[in-house]
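In the part that follows, the structures are each spelled out as structure tokens.
Okay, so chain A shows up in both of these, paired with chain B first and chain C after.
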Partner chain A sequence: MLSSLQNPRQAAAQLMNFGLILSTAFMMWKGLSVITDSPSPIVVVLSGSMEPAFQRGDLLLLWNRNIFSETSVGEIVVYNVKDKDIPIVHRVVRKFGLGPRAKLLTKGDNNNSDDTELYAQGQDYLVRKDIIGSVVGFLPFVGYVTIMLSEHPWLKTVMLGIMGLVVVLQRE
Partner chain B sequence: MYSSLVRIQNTFGFFTTVAFVIAALIAASDFITPRAPSVGMLKTTNLQVVRGRPHYYSSKKEEYAIIKFSLDADLSSLFTWNTKQVFVYVTAEWPSTSSTIGATIASNATANQAVIWDAIITSPSADHLSNLGPATLKKLRKSAAGKAIDPSRGKLSLKNQRPKYQITHPSGKIAETADVTLRLHYNVQPWVGVLTWNQGADYGLWSQLSGGLSRKFTLPGLKKREEAKKTK
Partner chain C sequence: MASSQEKITVYNLADLKNTSDDAIPNYLNSLKFRPSHRLTDVRLALGYTAFLLAGACFLWDYKFGFDATKWYTAAAVALYSAINGALTLWIFYVERGTVYIGTAPSGETLRITSETPRKTLPEYHLTVEIEGKKGGKKETLVVTGSFTDWFDAVGHFVAPPFQSMLASAVPVIGKHDPKRVAPAEEAASAYTPEMLDALSKASVSAVSSAAETASGAESTPGKKGGKRRKA
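Presenting the complex of A and B:
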């Protein structure tokens, strides 16, 4: 019990180890961000507007490069509305024009009307730079942990507490 | 060494490894299943352009194209054990009128694309997730009772289908637009793995969508009904 506190060398090694794990996770996230050219390459679905394709808690893998073709109708994109910080996952249903200034309209498969009402005041269409990625991969349920954590903030404290205890009590 | 904490950690680690390996295998099984989707017929049956407002409180008047169409398609090979749903959509596509922008970029990309009709075809295993009324859902479930995969749902036959979406252009003008074509697309949503769309070439066991493009047509002038020429 608390053996690490009596051995400063071991305590330092454990601290290093913990830091290494954290920095590895951070590097992998940022590396993925560079590869996919997306500020947030993995997103968790928060709403049911794309049901039955995506439900709350599903994990989506994004890709934000246009190597072979530009973002076009039918792709499921994640976009940010001006001045709002909530990413929205919807399908592109209309595209007018070509290139970075093409006008894009999105709609959730499960919604009756398109997203014109979700956009900012006076904004009728999205442009390419509003989009942070197109969905290419899908993993169910896994993201539900983050929804639980954001909806029940006390879980965060509990988890951090357990992780801290484990680090301190580990004797290897 | 063998504290209960270590045991719990090992069990959880093993569980996640197994879960991820199984998920990866299921996702990979998509690529060894042949796909041969085909469209027998896609043609317009009635074209109409009317004036209207984008929403109730708008004073702006825009032109809207109402394109009725007929479709025969066989997408049954897209339904496998890893298929959650297939999203089928028909787009109207037409080139840009001011060719200055379009000319500099690849000519194979169409400048204007708009979905006029779409449908979600769920696999029987995903029926419970679909947003349907209780009666429709019951009917849908009954149609595939006892079946985990129902490829017959991929056979589409629409006659003189009304469009779900009346399309317009940001300029508000769409009447007498020339060189418009209808095109059928699909998007396969897996239970786990990679999302796929109709591809332009054959990749391995997946052949490209045969057919799925209508003849070029010109939208009529305002409020004039015009019977589209029979394509086939």
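Presenting the complex of A and C:
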């Protein structure tokens, strides 16, 4: 029904529907961010360093508020390292001190050594604010779609194009 | 705009409804009705406000990071939900399927809502609310038709039977288009499938261009032909 695009209000309404689908998805994500207090409340496992707990492609749900207790040894956390884009999912294995200044050391369950080599130059430990959330739930394998999309970027373009076309061409 | 040359899938109820919905403003505007776009404009305003808010949220998040803008983001999420909720309520309770609001040259205001009440039947229900010149009492008419009366077998929209259904059922429309008012004994459904085909072929040129003035020059012979065939 391309001909319906001749009416400017109808065209504006169809464009709006497409925009609202995108913006609603984005705002739901942001809502989840605000609730969990984490900039990225859902992450996908990219490596096998936490096997057998998590495999590549698993979707992890994060929670970044310390309401009842501090982040402590044994928790699986996701942290960011300065100047590295990719968040890392590993387990806290040592903790020195209490509060926001406590020094934390992490290690992948499937790795032979702890994470000191993964940290930034001159950094020997993490503090609480490096962590973007503790893992509170996971969905196996679902995240593999995003791995596919990031490894084959052209898939993104194709998907977005198809979605856009469907919304613009189909009313109701 | 439903030109006769455009084909739709006759098995697609949404297509049937959308094409018929689009034909109503075309027809009434050609009779010099003045359309009102208030409902659509409010919907567009709400929708685009929400969209721009989300866009702004995306920009400050991208530029300043999550932690620096948390509270703004929280406020934006709350506001976005409120606007989106308002939009949903507007569509369900205020617009409720309105396809046309307009004022007749004689002063009455028409509001037409359409629906297809049954998923498996090609029924078209129109509710026409008419408000007199001075406001005052509202009159509500229900017009029912079958899509088979104004779509031919291959899916061409045929304007004359559709228009005569409206003109016959709604006096305000009939007053401005007396040629389309069907005689009492011959209702709109008197168009046979063969006539629809013939009309759709004949009318491509004259009957259903967008600015149709319903002069009926072409359709009157068509009607006569139909009668002859029936006899």
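Just so it is clear, the second predicted complex is superposed on the first by the 165 of 172 C-alpha atoms of A that agree within 3 Å, B and C clash if a C-alpha of one lies under 4 Å from a C-alpha of the other, contacts with A are read in each partner's own complex, and residues count from 1 in each chain.
Convention: a contact is a pair of C-beta atoms (placed from the backbone, for glycine too) under 8 Å apart; a residue touches a chain by one contact, two chains touch by 3 or more.
If you're wondering where the values come from, they're calculated on a predicted model, not measured in any experiment.
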Quick one: is A:146 in contact with chain B, with chain C, with both, or with neither? Answer first, second, both or neither.
neither
Which partner does A:94 contact after superposing on A: first (chain B), second (chain C), both, neither?
first
Touch check for A:80: first (chain B), second (chain C), both, or neither?
neither
Considering only the touch criterion stated at the top, classify A:69 as touching first (chain B), second (chain C), both, or neither.
first
Is A:16 touching anything from chain B or chain C once the two structures are fitted on A? First, second, both or neither.
second
Residues of chain A touched by chain B versus by chain C: which partner has the larger set?
B
Let me test your reading of the model: by the given contact rule, A:7 touches which partner, first (chain B), second (chain C), both or neither?
second
Look at A:27 in the shared chain and tell me whether it touches chain B only, chain C only, both, or neither; answer first, second, both or neither.
second
Considering only the contact definition stated at the top, list the common interface residues of chain A for chain B and chain C.
172
Tell me, which parts of chain B touch chain A in their complex?
1, 5, 23, 54, 84-85, 87, 89, 91, 96, 101-102, 105, 109, 111-115, 118, 120, 122, 126, 129-131, 165, 167, 169-170, 185, 187, 189-195, 197
Give every residue of chain A touching chain C within the complex, in rising order.
1, 3-4, 6-7, 9, 12-13, 16-17, 19-20, 22-24, 26-27, 30-31, 33-34, 37, 39, 171-172
Please name which positions on chain A make contact with chain B in the complex.
51-53, 55, 69-70, 72-76, 91, 93-99, 103, 109-110, 116, 124-125, 135-140, 166, 169, 172
Seen from chain C, its contact residues with chain A in the complex are 1-3, 6, 14-15, 18, 22, 37, 40-41, 43-44, 47-48, 50-51, 53-55, 57-58, 61, 65-67, 70, 73-74, 76-77, 80-81, 84
